[in-house]
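Should a chain be cited, it is by its letter among A, B, C and D, assigned in written order, with residues numbered from 1 in that chain.
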């Protein structure tokens, strides 16, 4: 059995890691910790887990986790670098669900996060944990930067087009809609129930920190620098991201060419499900699961391709993808613990 | 592997059986059928299941299911009796999720359902599939009447008190609040999104068909006839029932006596979790799971006991309980396939 | 024009007073204040009011409000007594939306609120501002204790029965469900969107501070001491309270007798709308309005009466009722500014 | 008093017309009709209106409405042309809330609606009832084509830019999110509560019938043919549309230039409220009101302008705009009956 640790178990991604790992046939959760609840039973912190685990939280100290095979870091950005450094030094495999390891260019990190980085020299070597693009590197890695939720939906939605060179790379507009768990567990006026319920808002238009992460990966796919307009929104629902991506084609296409491109690109991917105009993805259809559902649509009138890409932000957008990465890093079947967990409605 | 069949797979309880059985380590879903979708792949009917199953629906004909070990009936009331009769005759174990087999007194059935019964002579022999009360009978049974959702929450909430003879049996008031999946998949004005969202309604006050089912089981527990006032409500959420049960104690109690009574009664029950006044159950804490969370509260001022009892109406209130019954009937560990499926939030 | 002031304008009831008074043909809002936003334009604090008002908040100091005809106090309990005392001394009429003036017995206040009272000698003289019961007193009063939201729904639902002596007064069970604005604007884990959305919870079972207020008024109606069991719940919606009240009849009644009792009692009341079993009230049907919709149902089987009573907690349960009281106190038509404001859906 | 009639009063826009007109100081609702409820009191059809109106529905026959000053048509597309023709002939002013009169080019109508038109010769003469663009024509008109909900948000969001010639007209991408009332009162699987709650879906990507309406008006503003990509979505909320519009600037701009452009264009418009990046509009801030809140944002990095435009789809997107048009046509103050009706939260 794999001995797993979770540092930062109080938030929604921490809680989701618990759900997935408790149900994982090859894993035992060995240690958990959070800043605020050291010494507390996990089932008091996460009341829905009463009866499912006797785990008690320990202090956030890397030394408590050196006997784990793998440690998941689900801590605020800025807090994971030091922990990762210490754990990697002790030979523990690390999957960081935060943003610290995702941007390979330290200058880009500093510009968007306005912060120093505790371990800049590691950045060129970290692996971006999107298995559909970097499976081989993940298998060999000991330190994974788990992708952000928005970037996962956007990059998977665009990868086939950019790889095939079918689109004008300066025409990409990504309009993303996220459930409120994406904004985290910290209490804010925007996520107070009466103010968010039956409401809808755009935020950080053209200015969200996931933008450079999306651009880094799209540029790698395109083989040239790509800038995007990324517009995020909060939706009155708990889980799910739907990204509507609009892009200008190079010349004229057809729906057939488009469908073939996506089917070919994703033909071996268990967690990618292709849909179409008559069957546009609903966020609810992936709820609780590690799927990314994608529908590419050809718009003859305007020469644009519109791609609708849907994930559960806490699963494929965070903890599920982290478990998928763990499976790859530790030599377990990639879908283990992740197969039958769509819950509908 | 157990070969399971599902008749009536289109509705929410049918879909939930698919979710639970696809993930069950000792079960293979052998056949499925529904009235409206014969010949269709299940993943077209339930779009969230794309990629999870290749099952194609067959006709609703008992003869198609005689090679199953167990068949779940998730059909409207009135439709299951004939199917059950034919399947039982063929030696197939049957779990009926509908109402046809639940009332042991045919006159009570006819009064509340205003219908003839296709197999009245079986009623005195059917087993009411509430494992916490009837485990031994379930193990030996070939035909289970799976309890209704409201009755499950109400009966489990009251059983310890009635068994102990601690309450005045003519004082029981059950106020139940249900998510909208409880009203089924049939389109109605009440469950049209704009009319139900951000809204709340009582319905069938003192007149809901689950009333006689609750009274039958409470009478059995009390050893005397019990009538209850049962008031159901629809809540703008998908899953979950919360029943607030108010009852007059015989004489004076204390919170300690009350807690001891419940802890003793449920001490061996995996799916019952006891909570308390400082920790009153939320429906979300059992979402997706087979738990029933119960908090009994002593109200010194009025001499009343208030019990808050919470389930997921589609799991412990329907399909999960059906799988629990199947596990018992077919000699599998009772919690198999049902252990780690709370999803929060 | 009536010159009105609002102290405590930041919360939901303050905001709702603004909505109603801006639209009131005989009122001008003269002054507003809150603890946290002195010096700020109201339309910055309440962003939905941009373009509707140029009001700027002043300090919370009674002396700023002595040139008003009437002042609404929408401040936390404990904070209104001193303000009310000063304003009344200056000849200003006061409507207190908080709890400080509602309980006529200081001992009861101290027991339930665990606090000293800044102006106990006024308690026997305050008028409980429920116009359907105390209209004549309100007309002559200069200080109104505006009822709580739960008590409004419960007392209006029960008043005809208690006045008529038709029920056993020791049998009253009140099960109330409230939208989340009822819990106020203060950020709490329970009202964080992802934790409350698609969820349902009971809270303060048998222990809510509105209990003594309900009992005080029911006792006055019955002419004898009445204790009730009051069970409040939070519902994933913004506005609305639905109270389901169950009570044992004295002897046998009929639906006809029951309907006559309510129609007679409320025959002159504009804001009371009677409904019935076939037409049970929805909270959405009173959204934004000052209505209280009531349906009394006779349950022959158990000899109980079940009353469903519905209000918008921010209107008839708070700010609308306060405006109704103002209209009465200041000699304006009682329904002025309150007639056509149901918004559906 | 203006004598108003409503044909098609059963749906959400009909109900919203009732709310606004009952509260309008210069209007009396003279006649109402719908296909399905002739002979029924309106307060039975719309239960929230109990006590607010004694109106009884008459048959849908234009002759019943010839004694009205103005008639609102809120009927399905295809049904209003014949009614409008008859009413106009009788000298009655008509405001059509449906799509029949909006497209001036009959060929475009036939292509997108796949239907014959009952009164094609009127199309070149109808006035598109967007007062911010066509006020002078509306004042003189007797037949108004009331704009669609999506077009209202999109056109108002883009008008200043197109009029000023600041953008590349082939670069417009409109991503719109609508509450579920926008899909109407007809029961559908997509708007069944459990399937829509906590869910989000794109639909008719690049193929929605509001596209040609948007293009017609944007072309008129730009003085050249404009094609747009229009992507609509359904959001789990009742009311509100938020359109996120992305467009490439001609050359380099600044936030200041952009703000000036919008402030100048809308400086006399009561119902347009300008906001900004730090204060992006929420749909809830316009709930129940006739406002359109707009925030234009300059994205230096990509040379794009992003405009967020928000309305209540049932008010500024339908019935409120219709009342605004009526006010203009009948010489009443434009804001009459429409000023103070934001309801929050």
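As a working rule, a contact is a pair of C-beta atoms (placed from the backbone, for glycine too) under 8 Å apart; a residue touches a chain by one contact, two chains touch by 3 or more.
No experiment lies behind these values; they were computed from the predicted model shown.
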| item | value |
| --- | --- |
| Rigid-body rotation angle, chain B and chain A, from Cα fit (steps of 5°) | 180 |
| Chain pair with the higher count of C-beta pairs in contact (A-D, B-D) | A-D |
| Whole-Å gap between the CA centroids of chain A and chain B | 36 |
| Length of the line joining the C-alpha centres of chain B and chain D, rounded to whole Å | 46 |
| Inter-chain centre distance, chain A versus chain D - centres from mean C-alpha coordinates, in Å | 38 |
| Where chain D touches two or more other chains at once, by residue number | 12, 179, 181, 194, 197-198, 236-238, 282, 284, 287, 345 |
| In the complex, chain A residues that touch chain D | 171, 173, 175, 177, 179, 194-195, 197-203, 205-207, 227-229, 231, 233, 235-240, 242, 244, 246, 277, 280-284, 287, 295, 297, 299, 301-302, 304, 306, 308, 345 |
| Contacting residues of chain D [partner chain B, same complex] | 12, 179-181, 185, 187-189, 191-194, 196-198, 236-238 |
| Partner chain B, residues of chain A touching it in the complex | 12, 15, 19, 22-23, 46-52, 181, 197-198, 238-239, 270, 273, 275, 279, 282, 284-288, 291, 293, 339-345 |
